[in-house]
């Protein structure tokens, strides 16, 4: 299975309509990947009840490069000059649409740091394109999610479903492990 | 200065209009304080911007038992049979009113555990009535705050003001230290 | 199954050989349990490799009040006048012996707050004697562990074994959930 | 003042004596810095007492590129193919010597994520060479520290000294803020 940390075709940023130098050409990105760990942010979208308890977890369904259906999280690269919050917000909007109304955490400390390597066995996470280090956050969303771009669907699951072996096996790059760590961090992993 | 962890006159809980056995008489509470550490929850109310960054911090102004004005945080005892989330929500509503719309954290892990002792010097925190252990959370509020009960006013401050020596000296029980720890946990302490 | 948060016969504290007023008689403890949530600390003992990665997890084997064998964690009540660190150290020594050399965390913030209720279903954790709130820490130990008191044995397991359903079913009060949360917090839950 | 995130002349890694492709030439590093945020790890070395409480904080004294004396933390780049733990251990050894015996944290989650930008005002942290994102850890050291390379001295300070304005003003890149956040995370910032 081809597993990948998504890095979709860039769109112009609101404050830099030209696309700007932060966007890398395919060749430049390839070169950078050969030299450095690449920094990512990821988000586990959740629905919470009136006192903040997580009741549902959102997982994206997507066709990968070879046409297989896989599940994944909100995820994307941090660009040069961009803060982590800006990157997180941009990727949440890209993957969940403009009406999701995510509540970004007040603290910039992630619940987990996931290290993706091309070769399996070093950590639970793999990405065949690169060495990526990803700061991962649980993000409550209060609005309506409409996946855009290459994501086909956002599926809302109970914590129990999200932690299941079935869902884990469908998730790319070992992110079933990440989903369980997210549930544990909010006291919802049995 | 008399410093105290607030424990106001009980109100009936929504799901137990009788007041119920969780409420202790003054004598029972006094006995318990002589025997055990008492569990509290505290909240630092904050305003956040569109990408979750803290822009303002709310501090309560209150007259203490001897009529002095002091500043404090949202704070109160956890009752027997009550979850931490329920206690946190109850005290937020008690201190900020029913229209504050607090966003309780998805994670039950506090940013800090404050240990209050009657005698100073053991920790930065004191409470002349008891040994209290308090789980402290940063809680964004999105609605309108109308302090109730014995609180006179909720003052919104910038992170810089909240961290100042002046504000610290007005806060009861060493909570200036707690306010700075809250700001540090959200990346807003200079 | 009778599940209980251990509260063994008190021993004199090093700095208070008389036993002192912090120790409660059985009747006083019973009264307190009828009135208030009781504060506990718990520890998941671990072995780490040269760069701090958890390689083994320690689980206690103990006979409970009705003579059944159950597994549990290092656990005990915080006494009045005692800091959380002192309580954690005392219970680690009580359960692992004086040569365990635990490395208590520099941060007082637990990786999890477990809420135990007498009735199941409110949280994953139950304690038929009381409402207990427990601050739970992962604690590397570097010495030799010799369980004392009522614990029969300390079993070292791999992270995979510790997370298994078999071990979970043997743990009292729902602590299998706590063990998985501990593993997730150190990046060792698959 | 020239402020910089240290990136000293590479030494061969134990498992790759050739230096290997993970090391970048000056030109390659310059190119990467023009395109991507660069990932760093940083450590605040501390001394702890017998129950894990921080009693002293270590700060490096170093001559910067223009010969000024500045204070800084243990810090360095994460290389391609290297785990965060390996990078943290490598930089601790580089800056504190081989006999420091650092106790790396069991959890890979940093207490803070510091974002360094070339231009001031975006965050409290600046680095005139690059956009760097740094995962920062508090690391107890139990051995003897002998700063190597370009560091002249490791100064042990009390928490009060480390949090002072005087020390803050001597620290490069805004790291006085980081030092205070470290102290707050271990309950030692007043």
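Here the chain labels run A, B, C and D in written order, and each chain numbers its own residues starting at 1.
Keep in mind that, in the parts below, a contact is a pair of C-beta atoms (placed from the backbone, for glycine too) under 8 Å apart; a residue touches a chain by one contact, two chains touch by 3 or more.
Predicted, not measured: the structure shown is a model, and the values here were computed from it.
Shared numbers divided by all numbers used gives the overlap of an interface; between chain A and chain B this overlap exceeds half, so the copies present the same residues. Rounded to a multiple of 5, the Cα-based rotation taking chain B onto chain C is 180 degrees.
Of the two chain pairs shown, B-D and C-D, the one joined by more C-beta contacts is C-D. Centre-to-centre separation of chain B and chain C, using mean CA positions: 28 Å. Chain C and chain D have CA centres that are 35 Å apart. Within chain B, contacts with two or more other chains are made by residues 108-109, 111-113, 123, 185, 187.
The touch graph of these protein chains is complete, with an edge between every pair of chains.
Interface of chain B with chain D (complex): residues 112-113, 123-124, 177, 180-181, 184-185, 187, 189-190. For chain B in complex with chain A, the touching residues are 46, 48, 50-54, 85-86, 88-89, 103-109, 111, 138, 140, 185-187. Contact residues on chain C toward chain B in their complex (touch as defined above): 21, 24, 28, 31-32, 34-39, 78-84, 108-113, 115, 117, 122-123, 131, 133, 135.
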